[in-house]
Structure formats: C-alpha cells, structure tokens
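Read from first to last, the chains carry the letters A, B, C and D; within each, the first residue is number 1.
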Amino acid sequence: MIPENFIQSNLQGISFIGPELILTLAILLILLVGVLLPYWRHRILFTILAVAGLAGSVLPLWKLPQPAPDLTYLSNLFVWDWLTFLSKPFFAVVGVLTILLTQVTGEIDNSEYSECTILVLAVTMGMMLLVASTDLLMIYLAFETMGILSYLLVGIRARDERSGEAALKYVLYGAFTSGTMLFGFSLLFGLAGSTDLLAISQKVAFASQHPQDRLLLIVAILFFLAGLLFKTASFPFHFWCPDVYEGAPTPITAFLSVGPKAAGFVLFIRLFYPLFATGHDATIYEAVSGLDWPSILALVSAITMTLGNLAAIHQNNLKRLLAYSSIAHAGYLLMGIVSLSDLGLRSVVFYLVVYLFMNVGAFAVVAMVASAGGSEEIDSYRGLGARAPYVCVAMAIFLFSLIGLPPFAGFVGKVYLFAAVIYKKIYWLAVVAALNTVISLYYYLRIVKAMFLEKPTETIQIQVPLSSRVLLLALLVPTLGLGIYWQPLARVVSGMF
Amino acid sequence: MQYSLPSFLIVSSLLFCLGMYTVLTRRNAIGILMGIELVLNGAGLNFVAFSRFLEPSQTTNLLSGQIFTLFIIAVAAAEVAVALAIVLSLYSRMKSIDVEDFKNLRG
Amino acid sequence: MTNLIDPLHMKNMLWLIPCLPLAGAVINGLLGKRLPVRLVHFVGCASVFLAFLISVAGFFTLLGIEEPHQRFLIQPLYQWILTVWHQGSFSLQVAFRLDPLSITLCLVVTGVGFLIHLYSVGYMAGDESQARYFAYLNLFTFSMLLLVLADNLLLMFVGWEGVGLCSYLLIGFWFTDLEKAQAGMKAFIVNRVGDFGFFVGLMLLFWTLFEGSNGTITGLGFQQLRESIPLLNSASPILGVGLATWIGLLFFVGATGKSAQIPLYIWLPDAMAGPTPVSAFIHAATMVTAGVYMIVRLNFLYVIAPAAMAVVAVVGGVTAFYAATIALTQNDIKRVLAYSTISQLGYMFLAVGVAAFSTGIFHLVTHAFFKALLFLGAGSVIHAVHSNDMLEMGGLKKYMPHTYLTFMAAYLAISGIPPFSGFVSKDEILWATFNSHLPVAGLGKALWALGLLTAGLTAFYMTRLVALTFMGGFRGGLEKEKHLHESPSVMTFPLMALAVLSVVGGVIGLPAVTHLPNLLHDFLGPVLSSHGASGHQAHAYWLELLLMLISIGVATTGIYLGWLFYVKRPELPGKVAARFAKMYQVLEQKYYVDEIYQALFVRPLLKLVALSGRFDLNTIDGAVNLSSRVTAKFSFLIGWEDLKIVDGAVNGLAEIFKRWGAALRHLQTGKIQHYLYSVVLGIFGLCVFMFLF
Amino acid sequence: MLPDHLLSWMIFFPLLGAGLILFVPKRYPTVMKGIALAATIPPLWWAANLYVQFDRWGTGFQYVEKVPWIRAFNIHYYLGIDGISVPMVLLTALLSFICIIASWNINEHVRGYFALFLLLDTSMKGVFCALDFFMFYVFWELMLLPMYFLIGIWGGPRKEYAAIKFFLFTLVGSVLMLVVMLVFYFGSVEPATGLHSFDLTILADQSVHQAFLRSHTIRWLCYLGLFIGFAIKIPLVPFHTWLPDAHVEAPTAISVILAGILLKMGTYGILRISYPLLPDMAREFALFAATLGLISIIYGALCAMAQTDLKKLIAYSSISHMGFVMLGMSVFSNTTAINGAVLQMFNHGTVTAMLFLLVGVIYDRAHIRDIDSFGGLAKTMPVYAGYTGLAFFAALGLPGLSSFISEALVLVGSFQQYKIITITATTGIILTAAYFLWTMQRVFLGPQNKKWADLPEISLREAFTLTPLALIVVLLGFYPMPVLDLIGATLKHTVAMVVG
C-alpha cells in the first residue's frame, strides 16, 4: 500500500512541475489546431499559442515556496533551488525569442511552421526538466529529450539539403557522445549503487581515497565531460558546431547557441559541484582530493577560447563566424565553472543571461538580412550602414557587446568572469582571456568595418519590416541597459547561492 | 553456474569498444547507427550487472538499475527512429547514405 | 631731469627699456602693412631712441649713487617659475638688474642701435616689407636688452635664444632667395648647439649649488649665485676636473656658439646674407658680444676656475689669429669684415681669459663703434655699387667723400693707430695679456706675441680693403661709374656720429701710463670680482710704453705692406699668391672648414635619420611594400599559399594570428568520420591530461 | 550661476547635444553643427569657472560627487578633480570647442560625425574626472568606439587599416588594465565596510592591500600591466607605431583631439593610478621609464626628420614631446621635473593642436601634405606663414613661448636624478630645432612656387580657431604661473606619496 505521505508528497510535487505541464498542454493544443485548420494560412495563430504557452509556464513559479538547496520533490527526482528558480524563466524567454524570430523571418515556411513551434516548446520543456533534475536517470531522460528533438529541429527544412546534412552530422555526433556519457553514468551507478546525486556525492568523497576507485571515477568524469563539452560546444567536442550552426535555419541556430548550450552549463554545475567538489558552506570550494578536474577544465577553457577566436578570423559566412564566436564564448563560460566559488557560479549564470540577448540579437540580424534579400556572406554587408542604418547600428551594438566593450552588457559579463578567475588567483587564464578579447575584436570589427567603412558591392535594398525592428529593440534594451545599470540582475543572481 | 560481476563488466566494456569501433570505421550512416546502439546496450548491460551484484546494503533500492536499462532501451529506440528519419530524408534527395558525400559544410 | 635721477623712481622705469622696443616690434609687426612707411620708420627709430634716453637717465642715476658697491637697481616684475618640494624649491622671478656692466651694454645697444635704425631708414628705402624689417629689428633690440638686463640666468637664456631667433629672421629676411634662408637656418642651429652647452652648464651650476647649500639656494639670480659660488670648490670634481671648470667650460661652449669663436663660428660668414645694417647691428656690435658679456657677468665663477680662463684665453687668441689669416684672402667686402669681427671677438675673449674683464668690455665698446661704422660704410658702398665684390670697386674716394672720411676714421681705429679708440683698447688687451699669469708658464707671453702678429695682419687686410675699395681707379665698368653717388644724409649722419665715437672712444679707458683715471675700469669695479689681474699695479711704466711703441710699429708696418701691395705695386699680390699657391688656396677656401663640418656632422646625421625612418617603417611597423617583395622571394620555399613573411613585429603579429586561423579552418574538414574520430581522440587526450596532473 | 554637481553636468552635457543631433532631419547639416557647437560652450564656461574657483592649496579632491552605482561590486559613481585634472579638463573643453569649429567643412554623414564627436568629448572628460577605477576604465574604453568610427569613416585613404590598428593597440593595453583592476579589487578590503572596493582614494592607502597584493612579484606584474596599457597611449617608442598611421589618416579635427588630449590620457593614467596605488613600484620602474622617455625623445626626433608627409612629421614630433613628459614624470627627488611634465602635457596639447589645424588649412586647399611639393608659401600666404612660424618655434621650444618653460623645467628637474639621460635628452632640442626649421624652409621659404601661387589666404574661421591657442602659447611662455600654481600643491603631494 503506498504510504500516505508518499502520495501527498507526490501530489504536492505536481505543483512544482507546473511549467512543464502547461507547456505540454500548449503542445497538445497546437497539434490539435494544426490538424483541424489547414496550416499554411495560420502561421500567426501558432505563434500566439506558443508564446502564450511559454509565458503561461512562468506563472506558477511565483506561487511556489521559497527555493532552498535541499527542497527536493517528486521523490527527490528534482530539486527546487535558486538555480532552477532562475533557469526556468530563462529557458522560457529563450523559447519566446526563438519563436518570435521564426515568425518574423521567413526562413521556415508555413508548411513546417507548426512542427517547428511544437519542437521548440518540447525542447524548452526538456531543458526545464534537465535543469531541475538531481537524479541520474531523470538527467539522462531530459538530456535525451532535449537532444533528440533538437536533431529534428535542425533537420526541419526538408527541401534544403544543407539542413539535412547538418541534422545528420548532429544526430550521429550527438547520439555517440550521449551514449558515452550514459556509459559514464553506468560506471558511477556501479560505484555508488544509486542514481540519486546526493547519495552518489557521499560515496564519491569516500571512494576517492582508494586508488582503484579513483581510476573508475576518472573514467566516469571523462565520459561525463564528453557529453557536457559536446552540449556546450567546447574543445575537443566542438567539431559539429560550425557545420550544424551553418546548416540549420538561423532561428534554430540562435536557439541552439543559447538554449541547449546554457542547459549544458547548468548541467555542469548540477553534476560537478555536488559530486566532485566539497566545502559547500564556504564561498570557495575545493575539488575532491585526487581528482584535479578544474585544471583540466581550465586548459580546455583556454584552448576553446583561443580556437574559437582564431578560427573565426578567416570566416566570410556570418553564421559560421558566429558559430566560432559561440565556441569562444563557451570557453569564457568555462572560466566561470573552473573557478570553484560562489562568485564563479554567479558569473556563469550572469554571463548566460547577458549572452542570451547579445547572441540572439546578432543571429536575429543575420536572419533578417538573409530573409530581406541579402546573403549570409559578408559581401552583402558591405556598405550596408548607409542603406539600412537601424539594423546595422543594432548589429554594431550586439557585436561590441560580444567583444566586451564597456557601455554594453557583454563587458559586465566579462568583468564577472574575470573577477571569478582572479578571485581564485588563476592569473594565467585571465591573461589568456584578455588576449583572446583582443583577437575577437579583429573579426567582430571586420563585420562592423564592412558595414560602415567599406563601399557596397551589392546594391539591393534591404527593407526590414517593423516587427523585426521591434524584436531588435527588445534585444537592444537589455544589452544596453544591463551594460549601464545591472544591479537588479546582480541581486537576483547573487540571491541564488 | 555462478558468474561474477567483473565478467559482466568485461562484456559491457567489450560491447562499448565494439560500438566505438563500428562508429569509427563504417562509412554507411546506418552502420554508424548500429555502432551507437551497441554503445547504448553496453551501458544498459552495465546497469543491469551492477544492480544484480551489488549487496542490498550498498544500494538504496534494488531495482533502479533495471529500471534505468528499460528507459535506455526506450530512448535508444526513439533516437534510432529520429536518426533513420533524417537519413531517409537525405537518401530521398541525395540518393546516397554514404557519409563521405556529405561534406560541403566545412572550413 | 633731477626727479629722473632719483633711484627709486628710476627703478620703476627699468622695465621700459626692453619693453619700448617690444612695443615698437608689436606695432610694426601686427599693423605694419596698414601704416604709412614714414610712420613705420618713426615707430621703429623712436622706440629705440626713447630706450636710449632712459638708459642715459639710468646711467646718471647710477653715477648719482656715491657708494660704488650700492650702484645697482633691481626691479622685480613678477614671479615667473615656482616649484616647491620638501627639500627645497626652484623659484625664478622676472626681474631687471641695472648695474654698471649692464648700463654700459645698454648704452651701446640702444645708442648704436638707434644710429643703425636711422641708417636702415635710408638703406631699406624701396624694399616692399620694411614694416617686417623694423619689427624684427625692434624685436632684436628687445631680446638683446632683455639679455643684458636679466637678473637671473634663465631669463638671460630667454634673451639669449631670442636674439638667436631674430638673427635667424633677419639673416633670412629676403627669404625668397633660398641660400639666404639656408644661412639663417644654419645660424640658428649652430647657435642652438651652443645653447645646449649653456643650458647644461646652467643645470649643473644650479644642482651643484643646491646640493652644496642643501636646499637654501632657490633660483639662479646673480646675487644669489655670487654669494654661494665658493660652494663650488667644496663640490667633488667629476672625472678629475673641478666643478667650477666644468661649468665655466660649458658656459664658454654657449659663448662660442653665440660669439662665433672656434669651433662654432661657421655661421657668421654666411650670416652676411642679411641686410648690411643687420650685419652691422647684430653681427658686429651687439649679439656677437653677448658671449663676452655673459663671461664678464659670471666673472665671479670664472675667477675661481683658472683652467677655464686659460681655455677661454687660448681659444680667443687662436681664433683671432685664425680669422685674421682667412680675412687676408677674401674678396667679398662683408666677409672680410665678418672675419675681422671674429678676430676682434677673439681679442675680447683673450682679454677676458686673462681676467682683464674691464678691458674686454672696453674693447667691446670701442669695437662696437668702429666695426659698426665699417659695416655701415661698406653698406653705403654696396648701396652705391650694388655688389659686394671688392674687385668691382676702387677709386670711390672721389665719388663718396663722406663715406670715405668716416671709413678712414674706423680703418685707423681698427688698425691700432693712436690716438684712435681701437688702438687704446687693443693695446690695453695686449698689455694685460703680456703680464697675465696663466696656469701654464709663458702662455701669457706666447698669446701676447700671437696677438701682436694678429694686430699686424689686421692692419694689413684693412689696408687691403681700403685700397681696393677707395684707392685706384673704378673697376666696375663705365656705365656703373656714371651713377655712383654719395649716400643720402640719413645714412651719412650715423656714419659721422660713429666716426666721432671711434676717434674719441678711447678716452673712457686710458692706459695707466697716461696717469689719467681709467674711467671705465673704475665704473665697472664693483661688478667685477676684486682681484682682477689688470688695473693700475705699480709696474714699470717704461715696459708699458715700450710695448705700446712695439704695437704701433707693428701696425704701421702692416699698413705700409698693405699700401705697398695694393697701391704702389698692384701686381705684387698676384706674384706672392702664385709663389705660395697651395697655402693661398687653403686660405681662400677658409681651410675647407665647411666641407669638413658637412662630412663630420651633417652627412652622418642625415644617414642616421634615413636609417631610423626606414627602421620605424619596416622593422617595428612592417609596411606592406617592402614585405611583399621579401615574401615573393621566399613564399615558394614554404609553399603556403597566402603566407606573408613576418614583416615587422607589429603587422607580423597580426599575420601570425591570421595564419593560425587559416590553419584551424583546414582542421574543420566537414567529414563526419573525422568528427566522430575527434570524439575518441578528445576523450583520449583528456585522459592523458587527467593522469598528467 | 553654476549648477551643483558641476562635474556631472560638464561631462554629460555634450551627450545631451549628441542625443539632440540624432533627431535633426538629414536636410539641415548646419543645424546639427550649431547644436554641436552649443553643446560645447557651456562645458567650456564651467571649465573656466572650475579653473577660477579651484582652491590652489587644498591637496584633496574638490567638487567631489559620490553616489553608489552598483552595490554588488561596491562600485560608486565617484567624480572629483585635483590639480592635475583641472588643466586637462580645461584643455579638453577648449579643444572640443575649437575642433567643432574646425570641422565645419565636414559634409558627409554630418549627423554621425558630430554625434560621435560629442560622445568622444563626454568620455574624455569622464576619464579626467573619474575617481573610481571601474568608472575610469569604462570611460577609458568608451573613448575607443567613437574614435574608431571617426578615423574609419571620415579618414584618409588607408583609414580602415589605421582605425583597426588604433583600436587593437589600445585594446591590448586596456585589457591588461582590466586584469590589474580586478587584482586590485580583490586585493583590497575597505576598512569601513569590509567590502572589496574600486575606489582609487581607498586603494591608494597601502594598508588596505591584502596579503597577496603585498608580494613583490604580483605588484611588479600589476605595475607592468598598467605601464604597458598607459605606455601604448602615451605612446612610448616600442608601442608607438599606431600613432603615425592614426594621425595621417584621421581628419584634421580628430587628429587635433587625438594629439591634443588622447595622448595625455596615458601620462594622466600613470599619475592618477600607477603612482598612488603602487608607489614602491613607481620608484623601481623610474629609471626604466626615464630611459624609454629618452629613447622616445631622440628616436621621435630622428624619425620626424626622415618624414616627407607633414602630418606624419608632426605625429613623430608629438612622440618626441611626450618623451619629455615621461622623462619628467619619472623623477621623484624634486617636483620641478613633474611640474614641468604636467605643464608640458598642457602645452603640448595647445601647440600640437595648432600644428594640426595649420596642416588642415593647407590640406583643405592643396589636398596634399607632401613637404617637398610645397615651397615659398610665405609669399602667397604671409599670415598663414606667421601662424605656422609661431607654432613651429613654440614646438621647437623657443624661450619666451610655452613649450620652453615646460621642457626647461623637465630637464632642470631630471638633471638632479639622471645626469647622463638628461644631457642626452638636451641634445633633443637641437634635433627638434633642426627638423622644424628644415620643414619651415622646404615649405615656406625659397622662391614662390608657381603651382601654389593662387592659394587663398587663411580664412577668418580658421584664424578664429588658431588665435586663442596662439595667445595661450605666448602668454604661458612669459607668465606660466596660472598653470604652475594650479598643479604645484597636488604634485608636491604626489611626489611625497611616491617617495613615501
């Protein structure tokens, strides 16, 4: 007979997964509408439904109790702490922005539009689940839902073989690395006998003393890294990133470069901090003795940044350039993870929020110019400043923010990350990141230079509709606002730990 | 006849390595998918083996390993389904599922 | 007039002396073009004349003060520079100091200056930018008066370089003629080399005294310097040479730059490119004497640095002789006078070198009179003949009687014929040199002999000049001879005034043998340090008389030889030149000094400049042009298609990043197999790192 | 009638002007120029009042405004000025006003030009008044954006290369500064609140520094990082290659601002940040800095002589003059040198501004800057020759003009500590005289060049921009006390602090 408190706790748990439920409801509704109405005329309807679903998913969060690190629900499959509390609305915003971007730009035509919205909602739900879960099984399931659906999203444009090729590469690469990660999970399960992270963390602390157990732990960490570094597109598992980002339709690329990547980093925090680090009460943690994974990660971070920046110098296709730039930013974010401290975690989350706006902004402009008649190549941007000043000024602001120049949010994000690394006295990484900023200046400025300083080679008129301008404005305001006065976000982010 | 835990681990590792080998050497997309399946099954076997051989004191609840494997099988199926869908859509247009032909996204 | 004499009232008027010419310069400079020419002339001459009147008033005020040691007026205007720190402070005031030495120079500058301004009215008549000329001339007078009246070394340095600027502007006055402009630039840069020495000396002086007096000395005022100069002896010598000597030598470098002594005299002969009144005023009477004034002003420093004094004397003597030899062979009338000026300045430095400061100043004054007269005379000759070359002149005695008469007065003065002023002052110098006791035994006597020989040479080349210009027949072609005419009265009046001064000038510094008071020596007494070597020691009058007779003899033989060579038997110079052809040629080419300087300094500097210019473009910066040529040669070697050899560190760095970027792009092959392979490789790599740490 | 929060008004008033310009329709360029001019006049008036009412003897900061900005990092909106920043603010206000007038003949993308110019003006004044390290850094980097576009869009033939080079050089420096700033932030704990702090006045108090900031290597590395950042801006010789390109390609008004003010940011940064925060390192680096200063003087002069482009020549002469500032700043045994250095910063600002405006005048008429193709200009444009003569003689340090006073003070001051360096530096005045006079001769003197016989004389507008600078140059030559007494007390305090 199921114990009383068990049912009661589960029923109560249901209220915690309110957002996911609402999203599922929205998906079902869109499916229904898709079946009933001939889909090629009602594009705006699906957008409204999807945005309403995403917005609705955020509502139940306010009624829930004060988040606490140990408040687990649904028989401790999930935890309701500050990280979850902030991540769920974050992913909702990511979903909304992607859907608005698909609506505004014509990349995805009406026939596939309903599937696209459904998949976006589903992936968002997967991410929300992943962020909250503290059980290996639940993590794997959420990871896979997010993964598999995003393969589909990449391959959504049936007629365009570039999108097909990207999807193929993504699915093969993704499946293989998540398989490896699963193998790592199994090893860890073998060591600890349970799939709950808390139980495992006690066993790990105990096991790291014995040499042969430590070997098993090292292999487990390696396979973990395979999966996580794949998702966050960091060296050495980044090879899929440029091709998939270039192949996929631009709104989806924007979504991939922010949604799953952020989920990857939050998963990093979920897995590595409880399992392989000690000293939770103090603001500075220590890696479990014997497993010096932070120095490995520091090296990976340095290589990722440098590789991302250097490879981006020669790119002429803007989507590919932004792909490499997102790899470089993954390197910067790893810096935050590497500095095992409260400030480090806060800097990662802060940078993710800032990165969301400026990156989606940049991709939005690329999408708009492509759909308004230009190409993704840099040639169509030459002398664009004179012909489409609004879009170009917006693009310049996003790019300067990506470089990390002061009046914009990117700079503050960089300051947070630098602060985290310097707080932990890893000076060499700070200096490497500093020099990388200079290298990144070069290729970001190539675009700005093309837009403002060079003579136009093509003479087509780029007309950007009002809806696009409004979306750009919505992205510009946080990029500029957070650059000048970011106290509110700082308070929210620091409230978490 | 009593089988000890290490033998299972050896088999699962073998499965894992074979899967990895297949993924690396096959030029055919479907072949690669099979390799991935092997890797997933290797992991599943691992879970079952650990669940079976670990004493009750070491594990909080006995059957979590088996349940995990069930889910793995389900997810693997979904994954293959999606992968095949993508490969089919590619085949219908490119008339080939040889992985070598898809390399115009590069640089 | 009496209230002017009252010292307090005079003190407040001191600033007018330099500022009147400045006002004249500003008016002419800014408004010159719009004013009628006559007004420009009036403003130019009046400002200098007023300054002269105030100087005269100042002179009588000083005379009015009985106590010789109280005979100076200091007017502090305002705080110029003030920097304060814990150990001390560096504060300078803009202040004017009127004492016997400066009033003498003031009178010379404003007096001779006024005459030359008058002369310029005539000489420059018809030139289209007279306003600019008078503005520069007034500006020069202001700078010279500032130099003379300055109460501290840095303010004197301002005047010092101010005169350098004005000489640059005036030498290159007719700037449309390129090598006239070149001469101006040469003058300024050579002066600047001298000023470098002056400035380093100034710094060394200040900090040595500062450390010596551990912070009590705050500025470079002459009063303060004079009181704390003994501290120099206590300072530790550098490289074995005493501090006082170092400072003395450095200041002397400045003096050689300004007063055209060896080795920095090369600019003066070229400075003749300027209008003749300029040459008369600046390059004869005033600016070139600034060096002598500076050394006399710092006499308290030089007195305690005998080695420096010896150097000054030797350089002075040698320059005198050296310049005289070159003057023998010059055919341009103004160049002869230029070398003669260098020679006479050599005499002044010789006098100052043997601690006969008042005699030096005396010769400076008399030289100002007769050399200005010679130049102005030459000016009116050139004005008439329209050429500088003496070979195209001759027989001007008939056509220009006034010029001829005044020229003869100056000629007799410079050749050292009694009772003219030139003889008195030059003989005084020879006498002082004769019984000076310089550190090296017998150096005094040697310098005396050199001086005597130079006096003879001076007499000879002056006679040559007079003979070639005024005696014999006119060699400049008939039609020119027709409109030879005497210069207008505005030019001849200054000539006559200067002639009177040249004749009478000797009276202010009569030698001891005449048992009459040496007015100038007594007047300058308090300013100069007490134990000056010259002065009325009790010594054998007969020795002084004898030496006087010898110098007269040498002067007359010089004149006779000159007369013999160029009047009686004109063919003689050709024969002598033929016999000593090589030596004559060397003298003709001024010892090839210009060519040597060009080879030693100018050409290496230009090579260094070109080198550093290219170095900056290619090694540090990496301009595209050079690097592309290099790349073309080597690119086949390495075979990368868009390789650029590292062209300069900076662009090279950018190139390296670009090349690595290109390399990484090749890594992204696009084949799925490679990607999957990279997953395994990645895991393996991480595993290796994990075990390394 | 002065508004309170004077500094904030002065800094952000041009920004209001820039905002206003954005809304003016494209058809009225002159209205835009008018607004831009109007946006620089009040700050000039306030700067003048600031100068008059500044208390010469107070050593602390005046007109202080401190408001918490970001509590998470304990960052404050902290403004304040002292003896060093007042002349710089005055110079910025004056040169901005003059440059707006000088850029009256810009006629493409007028809106962009003047909006960016005013943004640049705001960021420059911000740097000079910021007392919070973070705010200093934000204004420091804010300067790069407008500068990049101003050189890049309105520049000469190789403008892209020059603009990107300028941006890259300065960014390398400032990124190092960011790392050092954060090291200081974490290395210091504010005694009152126990928080880390960016406040320069607090960081200047050495007791605040934590253990790890006291180790010699960390302090040495921090000073080196800051020194490289600032040396690039000054520029000192090894880091100077961006200057000639940036100057040659920038439009006239922008190269005036670049030479007049931006070069002073480097030296100002050292005085405001490096010396107070790391006094012991300042002493240790002094000889190295003095040698670099000397090399800049001599090398700058030599390269200047080798140039054929007039603007490049003036760029190299700026390197040479800034070498004097560096030499003067690395002397701590007396304040004469450092006073001379700060005065030279101000003088160089006015003199080089004049030089670049003059080059602008001839460039607008003849559209070439090659020295050898001119000749005998004094005949065709006598007034222009007069102004240029004054500027050239001021630049070569002729006594009676402003640069001489500052160069003399620097040399006299540094003679006490570095005898050989100073004597070699003094030879610099000969080289400077040589190349300026040689240029004067090739361009102005000599026979009248028929090709340029019909060049129009200098216009009233151009004369209006040059005259105030000429007056300042002559006035400060004869009476430098108005600036010397302004900076005297503060520098005495700075030297005492560094000597410790």
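One rule holds in what follows: a residue touches a chain if its C-beta (ideal position, glycine included) is under 8 Å from a C-beta of that chain, and two chains touch if they have at least 3 such contacts.
All values reported here derive from a predicted model rather than from experimental measurement.
Chemist: Does A-C or B-C have the larger number of C-beta pairs in contact?
Modeler: Of the two interfaces, A-C and B-C, more C-beta pairs touch across A-C.
Chemist: Could you give the separation in Å between the centres of chain A and chain C, each centre being the mean of its C-alpha atoms?
Modeler: Centre-to-centre distance between chain A and chain C: 79 Å.
Chemist: So the centre of each chain is just the mean of its C-alpha atoms; given that, what is the distance between chain B and chain C in Å?
Modeler: 98
Chemist: Counting only Cα atoms for the centres, state how far chain A is from chain B in Å.
Modeler: 26
Chemist: When the C-alpha atoms of chain B and chain D are each averaged to a single point, how far apart are the two points in Å?
Modeler: Taking the average C-alpha coordinate of chain B and of chain D, the gap between them is 66 Å.
Chemist: Would you mind listing the residues of chain D that make contact with two or more other chains?
Modeler: As it turns out, chain D has residues touching two or more other chains at 168.
Chemist: Touching at least two other chains at once: which residues of chain A meet that condition?
Modeler: 168-169, 172, 176, 180, 242-243, 315, 442 - these are the residues of chain A that touch more than one other chain.
Chemist: Provide the list of chain B residues touching at least two other chains, using ranges where the numbers run on.
Modeler: Residue numbers touching two or more other chains: 23, 32, 99, 102, 104-107.
Chemist: How do the chains pair up in terms of touching? List each pair.
Modeler: All chain pairs meeting the touch criterion are A-B, A-C, A-D, B-C, C-D.
Chemist: Could you please specify the touching residues of chain C with respect to chain D in the complex?
Modeler: 78-88, 90, 94, 154, 157-158, 160-162, 165, 168, 172, 175-178, 181-182, 185, 188-189, 192-193, 195-196, 199-200, 202-204, 206-207, 210, 605, 608-610, 612-614, 616, 620-621, 650, 654
Chemist: Going by the contact rule at the top, pick out the chain A residues touching chain C in the complex.
Modeler: Its residues touching chain C are 168-169, 172-173, 176-177, 180, 218-219, 221-223, 225-226, 229-230, 235-237, 239-240, 242-243, 292-293, 295-296, 299-300, 307, 310-315, 439, 442.
Chemist: Can you check the complex and tell me which residues of chain C touch chain A?
Modeler: 654, 657-658, 660-662, 664-665, 667-668, 670, 672, 674-676, 678-679, 681-683, 685-687, 689-691, 693
Chemist: What part of chain D is in contact with chain A in the complex they form?
Modeler: Going through chain D, the ones touching chain A are 69-73, 137-139, 141-142, 144-145, 148-149, 152-153, 159-160, 163-164, 167-168, 171-172, 175-176, 178-179, 182-183, 185-186, 212, 221.
Chemist: Considering the complex alone, what residue numbers of chain B touch chain A?
Modeler: On the chain B side, the touching residues are 9, 12, 16, 19, 23, 29, 32-33, 35-36, 39-40, 42-44, 46-47, 49-50, 54, 58-61, 64-65, 67-68, 71-72, 75, 78-79, 82-83, 85-87, 89-90, 93-94, 99, 102, 104-107.
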